[in-house]
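The following blocks contain the structures, represented as structure tokens.
Two complexes, one shared chain (subunit A), two partners (subunit B, subunit C).
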Partner chain A sequence: MSATSAATPPQERTTAAAGRPGDPHRRGSTLLRHLAVVVVAGLLLLGVSYVVEPFRNFQLATVAAYLCATAGLTVLTGLNGQLSLGHGALMATGAYTVAFCQNAFYDRGVTGGSLLLVSLAAAIVATVAVGAVVGVAAARLRGPYLAGVTLAVAVVVPALTVTFDGVFNGEQGLSVPVEPPPLALGAYFPYERWQLWIAGAATLLTLLLLANLVRSRYGRTFRAVRDDEVAARLAGIHVARTQVLAFVVSAATAGLGGALLAVLAQSVSPGAFGLTLSLFLLMAVVIGGLGRLAGAFWGAVLLVALPDLSHSVTEQLTLSAAAAQRLEGNLPLAIFGITLVVVMLVAPGGVQGLLSRLGRALLARLRAGRS
Partner chain B sequence: MSPMHRTARRGLAIASTIVLLIATAACGDDGGSGSSRGNVPGVTDTEILVGTHMPLTGPAAAGYSKIAPATKAYFDYVNANGGVHGRKINYKIMDDGYNPANTQQVVRQLVLQDKVFAILNGLGTPTHTGVLDFLKTNRVPDLFVASGSRSWDQPEKYPGTFGFNPDYTVEGKILAQHVKTAMPGRKVCFLGQDDDFGRDSLAGVEKIFGADGVAVKQTYVTSNTNVAPQIGAFKAAGCQVVVLATVPGFTALSIGTAARLGFKPQWVVSNVGADHPTLSKQLGEAAPLLEGMIGGNYLPMQNDTANPWIQLFTRINKEHNGNAEFDGNTVYGMSVGYLFVQALLAAGKDLTREGLLEAVGKGGFQGPGLVPLRFSADDHSGYGGERLTRVSGGVQSYFGPAYETDEADGAVNEYTVTPVQPPANGVPTGN
Partner chain C sequence: MDRFVFLTLDGLSRGAVYAAFALALVLIWRAARVVNFAQGAMAVAAAYVAYSVATATGSYWLGFVVALVGGLLLGALVDRAVMRHVDHTSPLNPVIVALGLVLLIQAVLGMVYGSEFRPAEAPFSRGAFTVGGLAVLSPYDLFVFGAVTVVVCALAWIFARTAVGLRMRAAAFAPEVSRLLGVNVGGMLTLGWALASGVGALAAMLVIPTELGLHPHAMDLVFVSSFTAAVVGGLDSPPGAVVGGLIVGLLLSYVSGYAGSDLTPLAVLVLLLAVLLVRPGGLFAPVAARRV
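Here is the complex of A and B:
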């Protein structure tokens, strides 16, 4: 985890300042500051949802859904030091739970906009349960063994959906019936804008809670356990409990992310939650900047933009049809891999680390110029 | 000024800017949508933009990846001959890797971003099933789906969706009828894809043999390339005839695995997985294993060089498809293109989505098919029957009559009408 240690020093400084005990003024402003950021981001999202095309709305909504998962993962891996290769499977858990709930409501003729909230909540609860089980196992394991267990989860969950095809309908998957936008918004309200509102609201709420958690006592114990378990134990922190808690929190966000993806696609199938998704999530978090929520955002953007990007790249090139096909299928993987290598070499703090370094340099120059 | 104060003022400034932005955007949006009404998405005076989703990569790419290029080649040919009502057809092909999750993405991109006029020949049962609702809510014509699932034939629920392939249930009945009459008393087993493809096909086979008539029923998933357990079960049960509802990759895999296990039943294969050139290529040196394989088909056989349709398609393949290897998928892709041009012509010069659907619903299209297309107001399934093929001496050819039947309990009947000849210049003419 050299990336972690390299990425964290500047963060340590700010958090230490923000969360200093016995400084009530500072502590109060943390929540307010997060609230203000979320409100501004929400308003910005609302504005953007009216300006951009439906397809961009859909893509942004997908970014929001991925962001739920990457934010949770970055807290787990970056702040608590637990590596998870199984978050794709946790997303699948949330997605299938939403599918089951929505189908159950639909079959019984129960309709209403608020039912989606019930389904999303059920998805979180189900993923928390799965996350707790995996988390307890994970708390006993370190390094490659932990990676191994979570990897097994990533492989097993999609396979389960194929094995018990009577319940999960195999690779074809299940459809997720979702209510159209409320009529109060107008008869021709674009469906994709509504999707962005749902996904955006859920994600901003998640980010607010996570940001507060990170700055709280729990966030500090997460970091203490990551940095030195023995020291943390000496300081009176229950290491295993902290690790399970971190895993459960991160599982809940992954479950919500998966649930949102299912709602967006109005369907769920194991192909969407394969091993590559789990690996992509981790890569996205590392490229974005491990341990930073803002980094999780860049990672989520990358997850959505990359397939699109590789498609336009292959379109630009004049290749034979066969070569273009092969390239297009594999290009995202290659770009992702190369980006990861380059980012690790050039900017170990990820995109966000690079940005804040640039920002600081710019600020310093401005100050120097002024004085 | 205290830092808190400054932050608050800055926040207020940002917030008010955003609110202003939203207000202007909301107004602009209303005006914009008002003026664009009446325009048909994807249609200009000179062009029609049509999209499709295809497995160019992934487990179903073998063979199927050649379909869309063939369709595009036919459109290029029509475009070179003046287009349809003066409009050129632009066919945008998106790869979904036969993964339903990817199909969701690429079809949204085609409809929302590229604003295609229609989705044509979207391939795959599991993949296309997931976008039916999306296409319906966006009122996008969803024509000639490249699959035989019965889901396409629901005019009440999906008025904009029409199939192309024969129903898998119709096909299952025809294949099973042949097994019943030509190989009476044999032990019949079934391997199907674990989705509506396999299920619909099995339903057809069981309509002929009864629910107990199929000794062993197995399924496979495209994400698992090991079919040894299924083939092993057939061998252990002593199956003599195995009906395959499989995509080409898995037909080849099943036949290859059976040979490794020393199991040699009579293979009877669905039309979507029975193209001999595709399977030979997959099996490589083991291609002779295909000898005696029985399959279904409903389009001219690719090696029948005396057939005028094959002559036409071979010529187009040479001129517009880089002389790609000519196989059943090429014939299929071009036949789809021919039918779509017929539909466009029937829809008239003032092309609208509603007009196109109405024209297809009227039916009456005559093309390369050996059996009739069934399109009508209350039937959205594609071709209504099949003729059987056999591989003999390394050559796949038709034998016996063509058959047609329904997906219910109707009898399997011979169909004796001779197919029409292609028009002289290869482009259908409007009525």
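Here is the complex of A and C:
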């Protein structure tokens, strides 16, 4: 019972549910394959950052920041079966840590391009600490109890920023001073492109690590614990330790995501990290397809695209200013809520589940046509 | 000492509301093994309907009745239209769907009513009587106690003494056997949802005038407190929910009275964690194998 190392995980009956069907047939190094995907994605992103206008760059950077958090959440909820409604609070932890660090550096007059890395690392460390505390509690809880506790965390943590407003500056929040892009890139280098580079690089790195984690022994123990705790324990997996580990990993990515959001917005305030954000993250993960990193990507895209879309919809309608404001603020919420309920009832695999089903059907038809 | 007495009475009055709301959670948990995370949003929706009716007709009591009826109908609707079709094999699914409903309901309320606080009137004065120079309960507190007591007694009577209550308990306890014996299990489930949602609506009507006012998110913290109350009492036990509600109400009252009202959310979180880690089955749970 001592460690996960002794584990021969229960049969991989879970692979189909966890995505990547037909995996045993693939050969070659998982790491190299993932690296190749990441490099291609990185080059693509680099190209895109030069083509599209600054505002789109900023939006893509925001997608990247959300993707950090949703990817971690999908590993926790989809692969380890722990439902967390508190990831908005974890993102807030990362965001406020980055704000503190950056402000501390600037107050002392320390400048330099690599300081942001230090701040981001500090954000991850702080969130890991918080995540470990919540995770240890979470490992003892199941189902609705876990949801209830994490919900309480999501409601309470933003309120704390107002309680201790001497430190967190209350509702107003803190500003996050960020260095301009290095001069080596040229004097007229658009700031938004720089933001996309930062967020994109951090997120691709996170995704690479997560993808390898999911395919590793640890990923298999995550799934084994999700599917049957007793069987997992009999196979020698330390259930509680696995759950805490999953929570900590997921917290770290959420912290990084929150930190990136703070860097992008150059400010943090509790309003941005309320219960709604936590729910949004969960919705995004579920709608994208629970337990799939690709699904986390669709979810992150939705998180950025929906408010934008509802903005353009409300602009089309001729409404009074107040009504338009109400509609614009709430339309994405309503769409998210309805989509979530419908997805859960009709297509529990989410967007990515539909896509891979479609892909498989096309492949089968192609093969049938050839033979 | 005066302050202690005042805080205790205030806490009991607050706790009565949490007790009612926790009771609603326990009702659904017992009937369907689902913690209804949408309960707060559903209750706020009922309260908004009451607000509309009350402003249109000028009668608080008409609004009050409409809220209760609306709560009953909304509960039945949620069960029939959504919850019944959810795949219950994973306990995550109903929770996720309920959260989707939270988003949807809050968004619709925000679209219709906007997201500013609206003052909610109380039917009775909230100024406290003084007895011998000591501020004690207000007429409104007495109304809260009365309403909650009536509801608790009515529910106890329904479940313990009536044929419908017996069928509801049977349907929850052994659905297959009940179905074979001719009980309309689906109908009983819907009735359970309706009752719970009605009780939740009552709790919202009682608590909102004592807080900042009507707002789509008005019940978020109340939900967390009441969930804590239900967990303190053990999710399976209706008397536990009532006692748990009173305990949470007292705790919050003392914390906000002696340490500052900003700290109440933190106190709720600490209590919830403490209970779940020390006695996960709640104070009233029989000794059992791991439940949580």
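Note that the second predicted complex is superposed on the first by the 337 of 371 C-alpha atoms of A that agree within 3 Å, B and C clash if a C-alpha of one lies under 4 Å from a C-alpha of the other, contacts with A are read in each partner's own complex, and residues count from 1 in each chain.
As a convention for this text, a residue touches a chain if its C-beta (ideal position, glycine included) is under 8 Å from a C-beta of that chain, and two chains touch if they have at least 3 such contacts.
Predicted, not measured: the structure shown is a model, and the values here were computed from it.
Visitor: Output check: A:155 vs subunit B and subunit C. Expected answer is one of first, second, both, neither. What do you get?
Guide: So A:155 only meets subunit C here.
Visitor: In the superposed arrangement, does A:349 touch subunit B (first), subunit C (second), both or neither?
Guide: A:349: touches no partner chain.
Visitor: If you stack the two complexes on chain A, which partner ends up touching A:333: first (subunit B), second (subunit C), both, or neither?
Guide: A:333 sits against subunit C, while subunit B stays out of touch.
Visitor: Just subunit B (first), just subunit C (second), both, or neither: which does A:307 touch?
Guide: Touch status of A:307: first partner only.
Visitor: Identify the partner contact of A:72: answer first if only subunit B is touched, second if only subunit C is, both if each is, neither if none is.
Guide: Neither subunit B nor subunit C is touched by A:72.
Visitor: Contact-wise, after the overlay, does A:147 reach subunit B, subunit C, both or neither (first, second, both, neither)?
Guide: second
Visitor: Subunit A residues touched by both subunit B and subunit C?
Guide: Touching subunit B and subunit C on subunit A: residues 162, 326, 329-330.
Visitor: Under the stated contact criterion, what part of subunit A meets subunit C in this complex?
Guide: 77, 81, 83, 85, 137, 140-145, 147-149, 151-153, 155-156, 159-160, 162-163, 275-276, 279, 282-283, 286, 322, 326-327, 329-334, 336-341, 344-345, 348
Visitor: In the complex formed with subunit B, which residues of subunit A make contact?
Guide: The touching residues are 29, 33, 36, 39-40, 43-44, 46-47, 50-51, 53-56, 58, 158, 162, 165, 169-173, 175, 180, 188, 191-192, 265-267, 269-274, 307-308, 311, 320-321, 325-326, 328-330.
Visitor: Which subunit C residues qualify as touching subunit A in the complex?
Guide: 29, 34-35, 37, 82, 85-87, 90-93, 95-97, 99-108, 110-111, 114-115, 217, 220-221, 223-224, 227-228, 231, 235, 260, 262-263, 265-266, 268-269, 272-273, 276-277, 280, 292
Visitor: Spell out the part of subunit B that touches subunit A in their complex, as residue ranges.
Guide: Going by the criterion above, the answer is residues 4, 7, 11, 14-15, 18-19, 21-22, 25-26, 29, 33, 56-58, 61, 65, 69, 94-95, 97, 99-102, 104-105, 108-109, 112-113, 125-126, 129-130, 133-134, 137, 194-196, 219, 221-224, 322, 324.
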